[in-house]
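Presented below is the structure to which this report refers.
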Amino acid sequence: MAKLYFRYGAMNSGKSTALLQAAYNYEERGQQVLLAKPGVDAKGDRDIVSRLGVTRPVHFLIGEDADVLELFFAERRALVEATGSPVACLLIDEAQFLTPWQVNDLLRIAVVQDVPVLAYGIRTDFRTEAFPGSARLLEVAHSLEELKTICRCGRKALFNARRIGDQYVFDGQQVAIDTLNDVGYESLCAACYLAESGGVLDGEAVTVSAPLGPDVDFS
Amino acid sequence: MAKLYFRYGAMNSGKSTALLQAAYNYEERGQQVLLAKPGVDAKGDRDIVSRLGVTRPVHFLIGEDADVLELFFAERRALVEATGSPVACLLIDEAQFLTPWQVNDLLRIAVVQDVPVLAYGIRTDFRTEAFPGSARLLEVAHSLEELKTICRCGRKALFNARRIGDQYVFDGQQVAIDTLNDVGYESLCAACYLAESGGVLDGEAVTVSAPLGPDVDFS
Amino acid sequence: MAKLYFRYGAMNSGKSTALLQAAYNYEERGQQVLLAKPGVDAKGDRDIVSRLGVTRPVHFLIGEDADVLELFFAERRALVEATGSPVACLLIDEAQFLTPWQVNDLLRIAVVQDVPVLAYGIRTDFRTEAFPGSARLLEVAHSLEELKTICRCGRKALFNARRIGDQYVFDGQQVAIDTLNDVGYESLCAACYLAESGGVLDGEAVTVSAPLGPDVDFS
Amino acid sequence: MAKLYFRYGAMNSGKSTALLQAAYNYEERGQQVLLAKPGVDAKGDRDIVSRLGVTRPVHFLIGEDADVLELFFAERRALVEATGSPVACLLIDEAQFLTPWQVNDLLRIAVVQDVPVLAYGIRTDFRTEAFPGSARLLEVAHSLEELKTICRCGRKALFNARRIGDQYVFDGQQVAIDTLNDVGYESLCAACYLAESGGVLDGEAVTVSAPLGPDVDFS
């Protein structure tokens, strides 16, 4: 029985490179793969774009209301007819933007269709809340595998802070594409994130109001 | 800087045993640990109970509205005064029952207080949805580590199916303690779960209505 | 196809507890397991002894020259005849003391007999060299999974230092059972180990003889 | 304290791509890295070559008798002088070809110099024996992380079989570069490897000579 893998990481951890390498590994052995990503992801249209310089189009986009099972069956049929060989793997980029029920279909593809599904995506947004697709993948994936990158301080990055111009912001819409409106993102470890947010996580401030003595300092 | 670990698993994967072993390892080296669990967990009152036969009381219960930082500071102070040595680790059993803001405090304890936090808990409920504490731990823990157990078919168990008497049920309240009302749970792999639920995941049925031909069969 | 797992850790990381928990999980589901350990392991005769207080005899000991495949077939036949149900898993304690060709048979049992093999053992000896069984398991196991414990300094322990009386020693025979001759072991992180050994690893001292300036200090 | 990571995988699992992505991630944040590889690796001279099409020269080669600590100090000094910023990471490609004492120095660089070392390499040779560098990395690395690729059968590849022309061979020298003499390699899972080798592992045949009945079949 095949499995659903969620390979998650902070922004700029090399998720698209890892996806393209996995696709390459399959195809080098003569095995077909299907590549897809959510339609809402605006970067590079139909392309999966690696910061290392490798680019490749997906087989299909997944619209917000799309039925992933139906899409998968149609695309698989087309690829099998074109190549004469079966589909060995389904690879999804930017999986954080899927809906929960689309992720349910990824699990069904793995378990019932016996096709491994590798879903790559960001774990949490700039407020440290999971995206809808990530939240569901964290619940149901057979295997949770982290792709790591580093914070400015050298530790492993955990969160994705948002900046508008030079200013970190901790309120706003979940999705604000980084090429627009002077919005930027920075992958930070938890310590650097809490230092910038003044201890706020997910809109919630530190709740201890009593004097705490020397053993706590959130400044 | 210390880390927050989420060691998750299906029911009966040995989470309490692993927690008690970790506590033992610290104490054997002369290092103090604090043990806690949510107050809502009815099993065994203040005890952490391992199915292997080992039992041990927690230092404190975490009520539904409790401020975890405040509790931690008070309990740490008491333990340091009683033993004369610092607290090397905070261990939480049944962490799935914490609230999201209580999990935020676990992250702050690790990152700002520099005390490692090991949180053990179940990933998802009988409908495959994360518990509130698990959902937040899956978002913010530095490290997600799976404790494994097996399905009746020999595969790794992923989900926790609920039975009332002999009947699997897929609707109802999230928490229904297993010693009451003839409710039982069974850890199942995704294939066995989908077989019992007729393809339903999280209350959502399979959405493909067109005839699919030989390549799909959810029966 | 089943897999061979090597669950390794420093001394006192809870390997026997984890093994006994895994056995319990199988048997609770009505699935039979076989337990074994090398005959050279003197502790507790035929027992697997957990520091948490749980103890249980193995089904068979593996002598130094024993053929593991032959033993496995005979013991499996006996257990199947006694219980009427198949063997779902083979669990090995103290696997570091197996010979490399005995580990080869563990791989064959997993791959050809389709029975999962969980081998628990120490990674390296007091000089930081792998034991014969560990060296082979590190080469061929499908999955390498670390069981963690802590150093006296709070970091993860990596190595097992040997003491005779109060003195750390870095030369001697690979196996010196800890209950005899005033020999003791302490799990240490790499920094604490190098501090005690004066930079020596595996009998080899630091090789840089030129003056190095402020950026190196092995004292 | 920094750590030594061993990221191992079968041939063609994307190790060089992963290394180049890690280097890119550091440099994108304005952090310097040092790249190195053993001198014995003939492919691409001083280049790290990714099958995805990305190529980049190393800062230094490590000769068979080279003192890695000395090389590291000299190269670090040069890079710091050239760039004015410290070295945040040392990345090693083809680490399987290092000597054990060179790996010891990698551990010292991580632990004593506090510079993370990411070593990428193949776990085992065509006979399923570890290379000298891999054997030592499997003993002393803080973290063992697998990079996966697939077998022709769709399972995870574990071993690297050698072919001369169309013929699988299981005897010969450990290193035979694949562009020469019609030598080729194929990453195989354990089942496919054992099928090709007739059950032989590491030069050792199956030792069970008694008639085994239906439950064993190595053909």
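List of remarks:
Should a chain be cited, it is by its letter among A, B, C and D, assigned in written order, with residues numbered from 1 in that chain.
The criterion applied here is as follows: contacts are C-beta pairs under 8 Å (C-beta built on N, C-alpha and C of every residue); 3 or more make two chains touch, one makes a residue touch a chain.
Here is each chain with its UniProt name: A, B, C, D = Thymidine kinase.
Just so it is clear, the model here is predicted, and its values are computed rather than measured.
In this assembly, D is the chain whose CA centroid lies farthest from the centroid of chain B (Thymidine kinase). Centre-to-centre separation between chain C (Thymidine kinase) and chain D (Thymidine kinase), using Cα means, comes to 24 Å.
Note on chain placement: the centre of chain A (Thymidine kinase) and the centre of chain C (Thymidine kinase) lie 37 Å apart, centres being C-alpha means.
Work out the mean CA point of chain A (Thymidine kinase) and of chain D (Thymidine kinase), and you get 28 Å between them.
Shared interface positions of chain A (Thymidine kinase), defined as residues touching 2 or more other chains, are absent. By the definition given earlier, chain contacts exist for A-B, A-D, B-C, C-D. Partner chain D (Thymidine kinase) is touched in their complex by these residues of chain C (Thymidine kinase): 1, 67, 69-70, 73, 76, 100-101, 104-105, 107-108, 110-113, 123-124, 128-130, 135, 138-140, 142, 144, 146, 155-156, 158, 189-191, 194, 199, 201-202, 204, 206-208, 210, 212, 215-218. If you check the complex, the residues on chain B (Thymidine kinase) that touch chain C (Thymidine kinase) are 12-14, 17-18, 20-22, 24-26, 28-29, 31, 51-54, 88, 149-150, 152, 154.
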